[in-house]
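Look for chain A in each of the two complexes below; its partner is chain B in the first and chain C in the second.
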Partner chain A sequence: MKYFLLALAALTFVYPFIWMLSASLSAESGLGDLTLLPEQFTWNNYVTVFTKIPLGRAFLNSAFVAIITTGLVLITGAMVGYALARYEFVGRDWIFYAIIFTMTLPFQITLIPNYITMVRLGWIDTYLALIVPFSLSSLAVLLFRQAFQSLPQALIDAARIDGAGELRIIFQILVPNVLPTVLTITILTFMGLWNEALWPLIVIRDESTMTMPQLVTLFSVGGRAEGQLGVKIAAAVLLAVPVVILYLFFQKHFIRSMASSGLKD
Partner chain B sequence: MANVTLTHIAKAYGNGPTVIRDVTIDVRDQEFVVLVGPSGCGKSTLLRMIAGLEDITSGDLLLDGKRINDLPPKDRDIAMVFQNYALYPHMTVFENMAFGLKLRNMAKADIRERVTQAARILEIENLLDRKPKDMSGGQRQRVAIGRAIVREPKVFLFDEPLSNLDAKLRGQTRIELQKLHRQLRATMIYVTHDQVEAMTLGDRIVVLRGGDVMQFDTPLTLYNRPANRFVAGFIGTPPMNFLPGQVRQVDGVRCFITAGVAMNIPITDVAQQTALTPYVGKLVTLGIRAEHLTVVSVNEQAVPLPVRIDALENMGNEALAYVTMGESRLVARLSPTDVLALAVGQSATLFLSTAHAHFFDDETELVIR
Partner chain C sequence: MKKLTPYLLVSPYVLHFAVFVAFPVVFSIVLTFHRWNIISPMEYIGLGNYERLLHDRLFWQAVWNTIRFLLVHIPLQIVVALGLAELLNRTVRGASFFRGAFFLPVIVSGVVVTILWQQLLGFNAGLINRMLTSLHLPRVAWLDDPAIVMYSIAMMATWKNVGLYVILFLVGLQSVPEQYYEAADLEGATTWQKFRYITLPIINPTLFTVVVLSTISGFSLFIEPYIMTEGGPLNSTLSAVMYIYKQAFQYYHMGYSATLGFCFALIILFVVIIQRRYVEQEN
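This part shows the complex of A and B:
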């Protein structure tokens, strides 16, 4: 009974995705049914997507923006998290609370001020507008801070005596010992950036700089799909696939925990 | 050459309490000095200050006459072994040991040679490719020591390195540390709360309490001539027995009268008589080691004490008798055959010779000599 309920729940989550896959491979006329297998199998929807919009270019834009930004988030998050976890300075706790507070603000609230800042900086229609505002993540700071606090101080002391500077301590000693945290932040940040459509819609108008979700959104709701549902769904599948692959690949890393195996607490 | 000199070293956290009050010690070249004391006495803090991991609030720290208060740890030419080993979990044993050398831009071949040599000394050559998590506690501790050795530092610092090992391994490693010290001829400063470790390893021992140095001397001097009641009670297993009482002049003889049962113990030693002259009528404490309480009178001056046997522990090579006299609890180290005549719950007589007794001022706790 327990397994039946679990299976039912799993099916509920998975079904829409499976339908999406099968629909994207069906001919337009077969789209009405709620089936699990494609009706009148065809690749046509995908061919149409690629001929109508520069999806390859958008994919590269998305990948570029997501990879660079995730890298920056990891670097800045580790540095700020380390300072908050291991340094004693006036106002440390207040800075930490302020960073946590920003997590509670919905993105939409800061949308307008951020947009104005981008305009003033002249970053509209550039990658900078897509990267810089997201290069420091409060979630990454929080997770790194917690992870670093759980490591023993002796590890840092030993590295200091060995002659390591603070940056080396962070990136060569501490970060390799919190890989589950690094992976969590990487996956969450990457997925968030990859799926972000609203912000690019606001700061990017030039099609050659557009990211995939933006392009797909414009394509689907902007009329260029000419009401063809199958084509829209194919575009959505292409948008989802990289994230799904990334998640499947890193899933197992969540379980494996290096923890503090070289230390006895 | 490596002399470490601490002059009037003090440490306070912000406006908080003073952790180290005023420590002045001089560690000679190639000496093995142990910092010992109960938890919270400041011994680890002191070691971390020498390492450069804690700021020094006031006083001077000299290495070979050069003031190093403000030098960062990496420039002090010291190496440290930590209680929890602090090996880098993601690196192999070789990488752990080579890390500090790499950061000093040493040539790869030299690094390999030094690591191999240290591994040979510590007999961990077959572990060089392992990660810390695949090793036992004892092996990890060897690697931690190896990481210090390869640096060839002027001074080795040890922060309770044996306390995570089991008793048997601790004994073995203690002997190996002695050997290592002779082999490397390096200056070593060692922190422990275990007085047996301190007694067996140290050329000299610093006994600390509440951030103050209680006594700094050789192990045997600490044992035989403790400077105060704290050192007398801290060094030695079982700890020294203490009897509270008063010095009085009885029938022309200077006596120690124990509190409670009012035993009259004549003081026969001339030097002790002289030393105790200013204390006539005052409260003092008599201290006597467990081995100086006997079941037979060793000399004419020995005073019989009426005691009640609370517990007996016969280890085969020696035996401990836990007894009470009035309010005072005492422990006597007896021969395993002597103890056979005693029975728990019964009365017995133990002899105390004042020649072996120490007297402590009740107010200052200092020894009266």
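This part shows the complex of A and C:
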């Protein structure tokens, strides 16, 4: 009985995705069937979506933005986290207050002013608008601080005796010792950026700089899908595939990372 | 030099905080007293924006829509997540497979989930209505009836997020010592009694986390109704964030839009503080 309920639940969560994949490979007439295998198999929906919108370009934009930003979040997070974990300095408490303030502040307050900042800096329609505001994460700082605190001081002292500078200590000695934390931050940041649609909708108007979720959103509300459901679904499949592939490889880490970020607050 | 090191290391944080947190908060307050379309100079209008907001029926409808969404989404999410976590808690075989399956919608974009559910909820060809008709039940206008649409979206959002909350509850449930249940069994306690008097007090902190997390994510509701129905029919799915977005980027009412964002954020903080108070009293 218990397994029956669990199986039913699992089906509820997985079946729609399989249906979506199958529908994207069906001719328009076969759509809306409950079957799992496409009735008249065709790649047409995928061909159409690539001719109608620059999805390949959007894929590259999304990947570029997500990778660079994740890298920056790791670098800044490790630097700030290290200072908070290993240094006593005047004003350190203020950094904590700032972190708590940032994490409790609803984004609805900063949305409009941040857009105006982008306009003033001339960053509208540039990658900078997609990268710089997200290049530092309070959560990443906290996670790095926590991880660095649990490392033995001897590790740092030994490196200092060898004449290593602070940056070398952080990135060559400490970071390799906290790889689970690095993975957690990478997953959370990458996934968040890959899926984010609201901010790109605000700061990017030029199609060639658009990210994938943004382009797919505009495609599906803008009437360019012209009632062709299959094409719209194909676009959604392409948006989902990269994260789902990563998920299949790192399933446990995904779940652990998301759960730990949830329990943080 | 040695003394300077920590300051150099935290300088990216300070800079980022100043530009993207502190300045916007201050500037948003300044904006609420002005009329501005970004192009022409700002015009001071005193409390004009606040006055307008108080009488803006559409804004309050959008706030109410968002709250209606939450009132269905949060209880539904807790019940489903607790139920699934309870089922998984005592499963050894295949637990990681089931967890993985429940978690799948959590990792994909809301854009994907909404496009998918748009098809599932269609009136004529949608899978859910097809199932209903095959069970000889009447079809439901999931996306066309203004009284229903927001709840359809709440149902979809639950499907999307519940996997995360299953994991959180699972962590909580696993911290309940097995002996407590054994002792309760000896006393002849019913399943409900065991849940009410053993499980619930222990998972209470988790419950609070789940309520706060889903409140905050619910108040950010935007992309789902934007794609699903574009706020319609009859503005029944216009969310507060969508209205802020429209005021700013369709009408270029920057001052007014900032006022909406500011007041809506106050509403969010107010609700979260009330929730925290309530939980602290409970404990």
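Methods note: the second predicted complex is superposed on the first by the 230 of 265 C-alpha atoms of A that agree within 3 Å, B and C clash if a C-alpha of one lies under 4 Å from a C-alpha of the other, contacts with A are read in each partner's own complex, and residues count from 1 in each chain.
Rule of thumb we're sticking to: contacts are C-beta pairs under 8 Å (C-beta built on N, C-alpha and C of every residue); 3 or more make two chains touch, one makes a residue touch a chain.
Everything numeric here is computed off the predicted structure, so don't read it as measured data.
In the superposition on chain A, A:47 contacts neither chain B nor chain C.
Once the two complexes are laid over each other on the shared chain, residue contacts for A:101 go to chain C alone; chain B is not touched. When the two structures are aligned on the shared chain, A:114 is found in touch with chain C, with no touch to chain B. Of the two partner chains placed by the overlay, only chain C lies in contact with A:202; chain B stays clear of it. Of the two partner chains placed by superposition, only chain B is touched by A:161; chain C is not. Using the contact criterion defined above for the overlaid structures, shared-chain residue A:244 touches chain C, although it does not reach chain B. With both structures placed on the common chain, the touch criterion links A:60 to neither chain B nor chain C.
More residues of chain A are touched by C (comparison of chain B with chain C).
Put simply, chain A uses residues 258, 262-263, 265 to touch chain B in one complex and chain C in the other. Within the complex, the chain B residues that touch chain A are 48, 51-53, 72-74, 78-80, 82-90, 99-100, 103-104, 131-133, 137, 140, 147, 151, 164.
Looking at the complex, you find that chain C touches chain A at residues 3, 5-7, 9-10, 12-14, 16-17, 19-21, 23-25, 27-28, 31, 38, 84, 87-88, 90-91, 94, 96-112, 115-117, 119-120, 122, 125-127, 130, 159, 163-164, 167-168, 171, 209, 212-213, 216, 219-220, 222-223, 226-227, 230, 240-241, 244-245, 248-249, 254, 257-258, 261-262, 264-265, 268-269.
In the complex of the two chains, the chain A residues touching chain B come out as 152, 154-155, 157-164, 168, 173, 176-177, 258, 260-265.
Only residues 2-3, 5-6, 9-10, 12-14, 16-17, 19-20, 23, 31-32, 34, 76, 79-80, 82-84, 87, 89, 91-92, 95, 98, 101-102, 104-117, 119, 133, 135-136, 141, 166, 191, 194-195, 197-198, 201-202, 213, 216-217, 220-221, 229, 232-233, 235-237, 239-240, 243-244, 247, 251-252, 254-255, 258-259, 262-263, 265 of chain A touch chain C when the two sit together in their complex.
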